[in-house]
Structure formats: C-alpha cells, structure tokens
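Once you scroll down, you'll see the structures, which are given as structure tokens.
What follows is chain A paired twice: with chain B in the first complex and chain C in the second.
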Partner chain A sequence: MSILQVLDLGLAILVLAVAGWTIAARELFASVVGYVAYGLLLSIVWIRLYAPDVALTEAAIGSGVTGVLLVTSGARLKRAGNVEAAEPSGPSQRFLAAALAVLVAAALATVILLLPEPPPTLAPEAGQQLAATGLANPVTAVLIAYRSFDTMLEKIVLVLAVVGVWSLAPDRVWGGAPAPLGRARPEGPLLFLDQALVPLGILVGIHIFWVGADEPGGAFQGGAILAAMWMIVMISRLTEPPRVGARWLRLALVAGPAVFLAVGLAGPGMGGSFFAYPAGFAKPIILFIEAFMVLSIAATLPMLVAGPPRRSPER
Partner chain B sequence: MNVSSLAGLVGAALVGLGLYGLIVNPQPLRKILAFNLIGSGAFLVFGIVARRGAAAAFPFDPVPQAMVITGIVVAFAASALAVALILRLQEETGKVTLDPDVPSKPPVTGASNP
Partner chain C sequence: MSLALDLFTLAAIGAGAFFFFAGTVGLLRFPDSLTRLHALTKADNLGLGLVVLGLLPRSGSLLDALRLIAIWALVQLPGAATAQLIGRALSRRRAAE
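Our next item is the complex of A and B:
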C-alpha cells in the first residue's frame, strides 16, 4: 500500500465519520458545523477524482452557503421557540430505518463495483469540439456551450426558488425586506473580518469567474464567492437585506437567465440554430453570458438565505 | 481497490447514512441536512462515473462533472425553499415538527371565546 492509498483510505474514513456526526449530533448547531466540515472534506475527495471545478462548487455552495442557510434558519427557529420539541424515534423504528439504509447502501455499492467495462464516456467528443468554443476548460464548455440549454433552465430554477421563497411572505409585508441575517449590534471581530476578507473575496470571486474559461472555476463558483461576501457584510449588519420590491434587485436576479435566453434566441441569426454561437466568436459571447450569470448567482444565493420578506415596505 | 471505487463506496455509504438520518431524526432542519447528505452521496457516485470516463487526454469525463455542478446549485435552491417552508409552518402552527399527531400551540386566549 502506497502513502497515497493510505491517505485516501484515511480521507474516506474521515468523511464518513464526520457525516455520521452530522446525523448523530444532539444539537442542531453542532450538526451544522459538522456538515460544513464535511463539505470541505468532500471537496478534497473531488480533487482526488480530478474534479477541481466540482470541488470549488462543493466548498462554496454545498458547504459554505448551505451552512449559512442552516445556521441562520436554526437561529430563527430557536428565537421563535421549541426547536427540540419533536419526539425522537423509538428503537424499533431506528432498527428498521438502519436496515433499510444498509440495504440501499449495499445495493448502490454493488452497482458501483459492477459498473460496465469499458466505461462509457463523452470525453473524446467534448475534446474534439473544444477548439471551436475557444475555451480550454472542458467543464465550462459543457456548461455554457454543449449543454447551454440545461444551464439556462437551471438558472431559471434558481429564479423560481426565489419566487417560491418570497411567496411565503404574508400579504402585508409584500415588497418589504427580509429579516436581518445577523445580531442587533455589529461585533468587533466581524467588522475586522469584513475589512480584511471582503475586498479580497470580491477579487477572488471575479478572478475565479474570469479564469473559468481556461482553468478550474467559472460562473457558479465565482458567483457563489461574491454571494458569500455579500452575506458576510449582511451578517455583520453593515448593510441590510434589500427590499424584495427593489427594481435593481429584480433586474440582478433575472439578468443571467434573461441574457442567456436572449443569446440563445439570437442563435438562429448568428450561428444557424437555437443556442448556436457564431464560429470564431464563441468565447467572447460565452464570457458575456457568464458575467451576467455571476451577477445573478451573487444576488440569488443571499436572497435565498435571507428568506421571505418580513418587514413592511413603507419605511 | 483504486481511488474511484473507494470514492464510489463512500458515496453509497453516505446515501445510506443520509437515508437513516432522514427517517430517524424528527427535526425538519435535520431532515434537510440528511437529505443533503443523500444528495452529495449521489453526486459522488456520479463523480466516479466521470472519473472512469477518462479518455482523450482528459483525466475525467466533463459531462457528468458539469451535471454535478448544476446539481449542487439546484440542491441548494431546493434546501432554501424547504427551510422557508419550515419557518412558515412554524409561524402558522407554532410547532417545529412534521408529525401530524403533535398538537399545535393552543390559540391565543380571548380569540376563541365568543
């Protein structure tokens, strides 16, 4: 067994142990902290699978933004009262659930060990057309060129999720702002974090978007980092969540899918078919779409975390 | 055993762990967390499909990887919607459980007396 294999095995055990902790922990907060650590460990697993783009997404969204969502909503539930009120499951139910879980995991493991040989792959096709897109990162090419329609629809799903969250607001606060994310008074360490991290984070987010054409990175990862920076500033109460009726916010939310769709509809004129990019000019168009996607993601994720409007719109 | 099947087995175990947590844990937020564990296990299984598809100078198949990236983002959006629903349920009924047998908070006195 080489060193690398030992490390891989250790990483696998660590991931499973932390995942077990998030299930077994008594306190919600402990469980969420476990989940954030789990997401970061999982992104190391993604690196080992030669998937740096996925690793970045998992670290930023799967672990980071989901962690903020769960911590914030846990605090909101606690403020409202009995968060631990529900009855725990009895031993027989636990046993049955464990049996079912083992069965499902064993079936899945069997399938994984019996995957077909030689494995099916689209990598050669993805590589052949890569020069035509002007990109060097095949994952970005799949996202914004080969399967661009999927990615556009996925952006619309994000907008629909925001509409869904907002529509849970009572009528009287419609158009108002969501509840603040942080405590009443800004704290020193948090303000220091703002000053030290946020300017740097904005640069890193834009950089990761920009290099995503050729290196690991892209619109999702860069947008998620920008979203995180906005959330840090909101948590320290230097700024409040905006009114959901604000025009600039709504424009930012739909800019990504709208520009994407407009370029797709212009496809028949530019490249011959729906979502076709003109030959030799694909890369500037892809970066143009991605820039608006970054904006939309950076606006969507914090609004999903902030939740439905809670304050009446007149101030 | 190579890295990709080890990662696949971890993915399978994560699906199992998440399923157990989803059934056993009564708190809705913990259920969402467990559901996210199932999701990341499934993504990991998809990730080894991508790794096994290495060909043509790429150490991975980019198509499944791109789908996992969109999947992570959609999973977050779904979690956010679920959390908002739970907070609204709590606001409406005063309880933080999905169990229909648990009585809800008694109505404010004075409102029910004619």
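Our next item is the complex of A and C:
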C-alpha cells in the first residue's frame, strides 16, 4: 500500500468515527461541533476524489453555513426549554429507527455495488461541448449551461426556505426585523475581524465567483463567502439584520432566480429553445446570471440564520 | 541546490507537523480551558506557518508563493480573534462564579 492509500484509509476511518461521535454525543452543542468537523473532513475527501468544486461547497455550505445555522437554532432551542432532558424514546421506537437506517444503508450499498463497470458517464460529452459555452470549468458548464433549469430550481428552493422561516413570524411583527445576532455590546476581537477580515473576505468571495468560469469556484461558493462576511458584521453588531419588508432585501433575494428565469424565457424569443444561450455569447450571459445568483445567495443564507422577524416594523 | 531546498522543505514541514502534534496533545491533555486554548493557538499559528514556509520553495511561481502566505495570514485573523473571544468568555464566566 502506498502512503497516499494509507492516508485515504485513515481519512475514511476518521470520517466514520466523527460521524458516529456526532450521533452519539449527548450534548447538543457537542454534536453540532462534531457535525462541523465532519463537514470539513468530507471536504478533504472531495479533494482526494479530485472534486475541488464540491469540496469548496461542502466546506462553505455543508460545514460553515449549516454549522452557524445549527449553533443558532441550538441556542434558541435551549432558551425555549431544555431539549436535552427530553424523554428518551422507547425501545420499540429506537428499534424502528435503527431498522429504517439499516434498510437505507443496505439499499445504498446494494446500488453502489451493482453499478456497472465502468460506471456510465457523460463526462466525455460534457468535455466535448465545453468550447461552445466559452467556459473552462466543466462543473460550472454543467450547472449553468447543461442543467441550467435544475440550478434555477435550486435557487428558487433557497428563496422558498427563507419564506418558510419568515412565515413563523407572528402577525404583529410581520415586516419587521429578525432578532439581532450576538451580544448587545460589540466585542473588540469581533470588531478587529470586521476591519481586517471582512474587506479581504469580500474580495475573496468575488474572486471565487469570477474564477469559477475557468477554475474551481463559482456563484455558490463565492456567494457563501460573501454571506459569511455579512454574518460576521451582524454578529459583531456593527449592523442589524434588515427588516424583512425592506424592498432592497426582497429584490436581492429574488434577483438570482428572476434573472435566471428571464434569460431562460428569452431563449425562445431569440430563436432558440427554453434556456438556450445564443451561440458565441454564452459566457457573458452565464457570468451575468451568476453575478445575480451571488447576490441572492449572499442575501439568502444570512436571512436563514437570522430567523423569523421578531421586532415590529414601526420601531 | 535542489537537495538543499528539499531538505529545507522536509525540515520546515516536519517542524510544522511537530507543532500541530504538540498542540493537539496539549488540547487533549492540558488541565483547563485557557491552557488548552494556548496550546491550540500555537498549532495553527506556528504549525501552519512552518508548513507554508516549507512549501514556499515548491510553489511554481511567485504568485503561488504569495497565495500560500495569504492563506496563512487569513487563517491567523479568525484564529486570533476566536481565541480572544473564547478567552474573554472564560474570564467572564470565572468572574461570575
């Protein structure tokens, strides 16, 4: 066995161990920390599978943003009452859950073992058509050109998630702002992060989006970094979460899917079909769509973390 | 020349790995939160710094080398800030007790 294989084996065992620990941890916060570590390890696994795009997304969304979401919802649950002291489920319920989990795992394992050798792939075709899109990163080509409809629906799902979170608000605070993140008094180290990290982070986010056309990166990863920067500024209380009724916020949330859909609908008008980009002009259009998607993702993720409106709009 | 650079890379990355190892041992074995925090910050500051230093001669271009240094510097910012935040939270808790 070569040294890389030994490292891969170690990584696989580590991922499984952290996953097991995350499930077994008795404390809510501990299991969230375990989940974040699990996501970071998974992104190393994706790097080892030569999928840097997926690795970036896993680190930013799977580990970073989901981690913040779980930490804040954990804190809210704790304030609402001690969730960890809840009645443990009975043996029959546990047996049912275990049986269901084993069934799903067995089904997945069977499917993977039954895959034909070599597995079916569209990668060569995707590579051949790459020149027509003007892009050099095949992952971005799949997301915004070949399967653009799927990607647009994914963005709409994100907006629906925000609508779902907002719909938890009582009527009297509708249109108001979510509760502020973080403590009332700004802390020195957080202000330092605001000054030193946030400007750099905004540059890095835009850079990741821009290079996504030719190298690993893209709208989702860049948008997630921008979202993280906004969250840092909100957590340090330099800025408060905006009113959910604010026009600019609504526009930012729907800009990505709306522009995407508009371009898709313009396809038939320009003599093509739904979501057909005009030949020779594909790359500028793709970057145009992606720029608005970056904006929407950067607005959506922090609003998911901020939660439903809590303060009435008048104040 | 290339042998000397290889030896430099090996020595620097080895020293970096040692700091990560020592930091991890400290994180697991030190008695209270503040000393554990102390061990952890040494690992990501010095450990990563030495690994980056060792990788510098291996980077293909000046831009790649600057990127490596930028990664180290970017890790320092949240690392230092979170260490301060955790330390302050600990001292607040200590004052409250």
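The rule is short, and it goes like this: the second predicted complex is superposed on the first by the 292 of 315 C-alpha atoms of A that agree within 3 Å, B and C clash if a C-alpha of one lies under 4 Å from a C-alpha of the other, contacts with A are read in each partner's own complex, and residues count from 1 in each chain.
Rule of thumb we're sticking to: contacts are C-beta pairs under 8 Å (C-beta built on N, C-alpha and C of every residue); 3 or more make two chains touch, one makes a residue touch a chain.
Predicted model only: the values in this text are computed from it and were never measured.
S.K.: Which holds for A:Leu197: it touches chain B only (first), chain C only (second), both, or neither?
M.R.: Touch partner of A:Leu197: chain C, not chain B.
S.K.: Taking the superposition on A as described, I'd like to know which of chain B and chain C A:Arg172 touches: first, second, both or neither.
M.R.: A:Arg172: touches no partner chain.
S.K.: Taking the superposition as given, does A:Ala126 touch the first partner, chain B, the second, chain C, both, or neither?
M.R.: Only chain B; A:Ala126 stays clear of chain C.
S.K.: Applying the document's definition of touch, where does A:Thr151 land relative to chain B and chain C: first, second, both, or neither?
M.R.: first
S.K.: Looking at A:Arg76, would you say it contacts chain B, chain C, both, or neither? Reply first, second, both or neither.
M.R.: Touch partner of A:Arg76: chain B, not chain C.
S.K.: In the overlay, answer first, second, both or neither for which of chain B and chain C A:Pro189 touches.
M.R.: In the superposition, A:Pro189 contacts chain C only.
S.K.: Which residues of chain C touch chain A in their complex?
M.R.: That would be residues 74, 77-78, 80-82, 84-85, 88 of chain C.
S.K.: Which of the residues in chain B come into contact with chain A in the complex?
M.R.: The touching residues are 3-21, 23-27, 29-30, 32-34, 36-37, 40, 43-45, 47-63, 65-70, 72-81, 83-88, 90-91, 94-97, 99, 102.
S.K.: Mind listing the chain A positions that touch chain B in their complex?
M.R.: 8-9, 12, 15-16, 19-20, 22-23, 28, 31-32, 35, 38-39, 42, 45-46, 48-51, 53-54, 57-58, 61-62, 65-66, 69-70, 73-74, 76-77, 80-89, 93-94, 97-98, 100-102, 104-106, 108-109, 112-113, 115, 119-124, 126-128, 138-139, 141-143, 146-147, 150-151, 154, 157-158, 161, 164-165, 168, 218, 220, 297, 300-301, 304-305, 307-308
S.K.: Would you mind writing out the residues of chain A in touch with chain C in their complex?
M.R.: 187-190, 192-193, 196-197, 200, 204
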